[in-house]
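Have a look at these structures, which come just after this line.
Below are two complexes that have chain A in common, paired first with chain B and then with chain C.
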Partner chain A sequence: MTKHQTAIVGIGQTKFRSKRRDVNIPEMIYEAVRMALDDAQLEPKDIDAILIGNMDHFEGINFSEMWTGIDAAPGYLKPVVKVATGGTTGSSLAICGYHNVASGIYDKVLVIGWEKLNEGGATTGIITAFDPVWERPSLAGALGPLALMAGMYSAKYGITPEQAAKVTVKNRSNAANNPFAHLQMPDITIDYVMSSQVISYPLRLHDCCPQSEGACALIYANETEVKKITDNPAWFHAVETAHYYTFGTDDKMYDLPTATIASKKAYKKAGIKDPINDLDVAEIYEPTSWSELSWTEALGFCKPGEGGKLLDEGITQMSGELPVNPSGGVLSTNPIGATAMVRVAEAATQIMDRGEKRQVPDVERALAMGFGGSLWTELMILGKEPMR
Partner chain B sequence: MSRKKKGDIFEIKWKTNLPYRWSIGKLAVKFFEELKENKKILGSKCPKCKKVHFPPRAVCAECLVKMTLDDMVELPPRGTLEGFTVVNYPFTDPSTGGIRPFPYGYAIFKLDGADTYTMHFVNETDASKMKIGQRVEAVFNDELVGDLVADIPYFRIVEDEKEGD
Partner chain C sequence: MDKDKVAIVGCAQTKYEEDKIDLTVSELVFEVVHQLHEDLGITNDDVGCVITSSNDFNDGRTIANMAIQDAVGSVRKSESRVSGDGAFAYVYGAMRILSESYDTVLVVSHCKCSEVNQYLVNNSIFDPFYQRHLGLDQVSSAGLMANMYMQKYGISEEQAAKIAVKNRKYARDNPYAHLQKEISIEDVLNSKMMAYPLKELDLPPFSDGAVAMLLTNEAKAKEFTDTPVWLKGYGSCTDAYYLGHRNMTDLVGLELAAKEAYKMANIQNPLKEIDIFEVYDAFSFHELMIYESLGLCKKGEGGKFIDDHFESNLPINKSGGVLSSNPTMANGLIRVAEVATQLMGKAGKRQVNNAKIGLAHGMNGICSQGNCVLIFGGE
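Up next is the complex of A and B:
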């Protein structure tokens, strides 16, 4: 039971790009923080605590909370804690922020996710998240395991590369409506995806997410504070996390068991019986096009094996019953420490009816999902009204 | 924002070595000793739920019960293909610091008798020649040093066998 209703009252995102050579790390983070504070019309002194995170080894700097939590955000003499869980960093941060306000410990919390990953080697960063003795020697970044997962998923259910390509087409054309998205491709076609090189069977280059730099900031408040700040917040309805084993290979990696478990629990908490009808929009974490098809099954949007059919029928398109990734998703923008938080920021934007060109009509409830190389799933359900 | 020419960029360069010395635990030491001395592959079996873990480890995730050296079991160097890919993209090889030559085959399979999966290199670079259900067998290096990839550079696909043979 939570003590306090908690809502998102301010959002900041940088325009995500491949390289932000014009700024250093704290300068980049400051952009998102300033935007969130201005959005909520709060002063730095109004923030009670800060949570910040990224995947340290991408930048090779391990005290980012000290420096960026202070220079880039109003952290001086305040509680500042770093949260780092790989690809799920952004959603772990979002959930921890919720815990800190819902529990009544803090009234207003600032949560920041960021990454400047092209300043280091991407492989160097990623392999530090794997066991040095058993996993690293043969690892091919995240690509190898993601390719294996796509292949197993395809073989099990007969999903075709064209069905997967449709996901990239949907997401990168959706991204053209999102001013913050990295890759915006309003005219993308299936041929464009299908003619890209197979970089790890069955994954083509354009089945895979980019590497982006940028930051995302969210400001949370409890119900008392919300009244003083805004009449258009995004309320937390349910939060659920499911972790996995030590090694990816400790269980079957495809079909994402953690998403099945976490979604069942989250839906129960939020009183959701039929996701397609009870949710109005979903921002899910799809590192590859194939992943999105599989995750829609694991999240209960359709039966196992029917992710391709769901998209073919248009249900997850912008015009469908449950649009998935109006922001463009991870396939369009991937600043790792921020990526999972961007899902929450975009879900909140939809709830607040501030999505402009990417706005889905009449959004009452939104789902945000975090995922990472650890194969964890973290879910948040947001709503226009407080949960009763 | 205008693009600076290479000559305009202010740059400082330095090189850093970041050496580590990891303690890998008694079961892992036994694993590598048996690999090097006796060309054997060991897993560990939970005394409570009997789940056979590869790689071997000291604690069973399901039971949170310890596994010791006495719980280690030998696994045959053979398994059945669950999934495969052919990596066709440059990646840094963590063992050498250089780029690993590509394309190369990479697969996921269960060693016979293990309850967890294994990912390792396979000797096929044509994805159309691989199929889920094929049998794979470890190929050992002539000289064994106690290193997973050096001692078993890859698994080969056994052409004439399928699972159930």
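Up next is the complex of A and C:
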């Protein structure tokens, strides 16, 4: 299965806000790094390698890891590597960290995702991700394709704007229980979401994720090292990535085939037959309210077209059989290079039973999802016990 | 790390040249992926996952790997991207074999840096608060480093010029190399001053190109080739970010990375025990500094080393090195591919006889900040 069992033993997250004017880039990242080191009771010298990432163009810094890996993290005279894959940057880093340890090359690694969007321009950056000839004049950026997906999904399965709005209400009220979350709205209503400004039909302002500034840091260790650090780690049971077409519009757009492909493989590795019963919590990467409904279908939580019904039945609520995004999800917090890593951090927090007000009872297994690029999915399944 | 568990079973390279304007980045990458498939007689189904290396600034695209998904055949598969030098992508690929997650990994790196204003790309590596406004880039900072090195150890411009002459001479035997015209020491010394003491011919060209290789495990290697090349040692080390925080006269990060790799591969005397070196010679003086950091000679004796070996057939950068072909982000993976090709005995006119152990060096950032040293062995 895997060469060396690998677990998360330390977690750090900054407070996420739309503008962190109190700190510069290295200072902001250091907040998360210090917290993760303290959490694992490790010193900088204990770390073998640093994996760090963000999106180059968002802050306009080339080779950002050569700066941040040294000045914000203990990378001096150590290996420092950057992994960056767009929205999936955080999950790609988390998966890279897994391979760094599971391969036996390193014993303990520090994995960091960050973004300080207010010092750059996310949309300006994202638009350049798309083909200059075929896509850039028509369907570039984040909102356009996501609106198209929401519209196609709604038309195909009769999902209503009310059902989508309910996702925002669920996630932003969950966020009120998460001290790190950016948008905490305990009293948010469906009417409030549905009366917000249309951004790109059918997406309204509150159907969309915010832009946040912040960082997330995780410390990984192998089986031998875990024993010295903690008796409450979160073990990796499966990591899986699926890509698809280069051009998003080659896809059907009303579903997410990469999530279906990746989840089937990951469930098989982790021995999961019925995700609703076998998983205890899921932290999924929902850039819009509509996408959470669609992604829950693609992940096999329900049949295609039944994402709305799954939510209406309360299954994904905090009190439901499979709570989805107790942290408030991406709709509440979105520091792009860290967003997908926050999913992993929150899944690990749930496994460790340290979620306080957002804790789901008796979590044995948790799913974390990253989404990005041209509709890519990355999945990690974490468990309380090592995978045998 | 377990030695001799990851095999390179095939490599493909494009011709490196300026202004490959007839090919998109995706077409450039497809050229090497297709070539690799042809050489190994495999299809996309034989590839477990893909690791790429690219740089958003050089590609002018955020998430630059998005553009090459079809070209690398990652449909329904895992692809991940190291944002940096290709040697680090090789390391990530090797990790995916060693973690026993995949049986085969395709590693690809590309760059079309001749299309880009390299001053802007490299100036953006410096922090936006203190250094960027000084106008530093890879040429001016290399000039600072070369000057300090020259002053401290009494190295001459002629000694550095010998590196450019040697590498350009070797490049004539490498069909993939960009600059294949032989030059003299006088040509280097008389070329246009760029950043003292660096002249135009002390510096690499800007090239477009791509490189790909297939990695596999012990069980599968012989299914693909009779001449797999095994990973025997690895070390990686990153120096301080600010130039003022660094010892600019010695490549400290490279020295530590090499020590780690030698220890793992059980190498006591690198010059004797290693048959072929491919190093990231970002500028002529840099290769002299690399000799010292790799322990091929004592500190400060890089100049003497080239004087002593200039007439001999030094097995260092037989490909012509970065000074002859420079698709920046791909340089490290090209070093790995060149070492692997030598150890497979398939290097044609540039082949070193009886090459059994090889060293490849990759680099990230300005003036050797991030370093990766890999030791390989043939069958």
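By our rule, the second predicted complex is superposed on the first by the 384 of 388 C-alpha atoms of A that agree within 3 Å, B and C clash if a C-alpha of one lies under 4 Å from a C-alpha of the other, contacts with A are read in each partner's own complex, and residues count from 1 in each chain.
As a convention for this text, a contact is a pair of C-beta atoms (placed from the backbone, for glycine too) under 8 Å apart; a residue touches a chain by one contact, two chains touch by 3 or more.
No experiment lies behind these values; they were computed from the predicted model shown.
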Partner chain in contact with A:Asp274 - chain B first, chain C second, else both or neither: neither
First (chain B), second (chain C), both or neither touched by A:Glu313: neither
Partner chain(s) touched by A:Glu356 [first = chain B, second = chain C, both, neither]: neither
Touching partner for A:Ile61 - first (chain B), second (chain C), both, neither: second
Touched partner set for A:Thr246, first chain B, second chain C, both or neither: both
Partner chain in contact with A:Lys78 - chain B first, chain C second, else both or neither: second
Chain B versus chain C as contact partner of A:Glu385, first or second or both or neither: neither
Chain A residues touched - chain C or chain B, whichever exceeds: C
Chain B versus chain C as contact partner of A:Leu143, first or second or both or neither: first
Chain B and chain C footprints on chain A, overlapping residues: 127, 245-246
Complex interface listing, chain C residues touching chain A: 1-2, 26, 49, 55-57, 60-63, 65-71, 74-84, 88, 91-92, 94-101, 121-122, 124-125, 127-129, 234, 236-241, 252-253, 256, 364-366, 369-370, 372
Parts of chain A lying in touch with chain C, wherever the complex brings them together: 1-4, 24, 49, 53, 55-58, 60-63, 65-67, 69-71, 75-86, 92, 95-96, 98-100, 102-105, 125-131, 239-246, 261, 372-374
Residue numbers on chain A that touch chain B, as the complex places them: 22, 121, 123-124, 127, 132-141, 143-145, 147-149, 151-152, 155, 197-203, 245-254
Of all residues in chain B, those that touch chain A in their complex: 1, 20, 22, 24, 28, 53, 55, 57, 61, 82-89, 91-92, 94-95, 100, 106-108, 116-121, 127, 132, 147-149
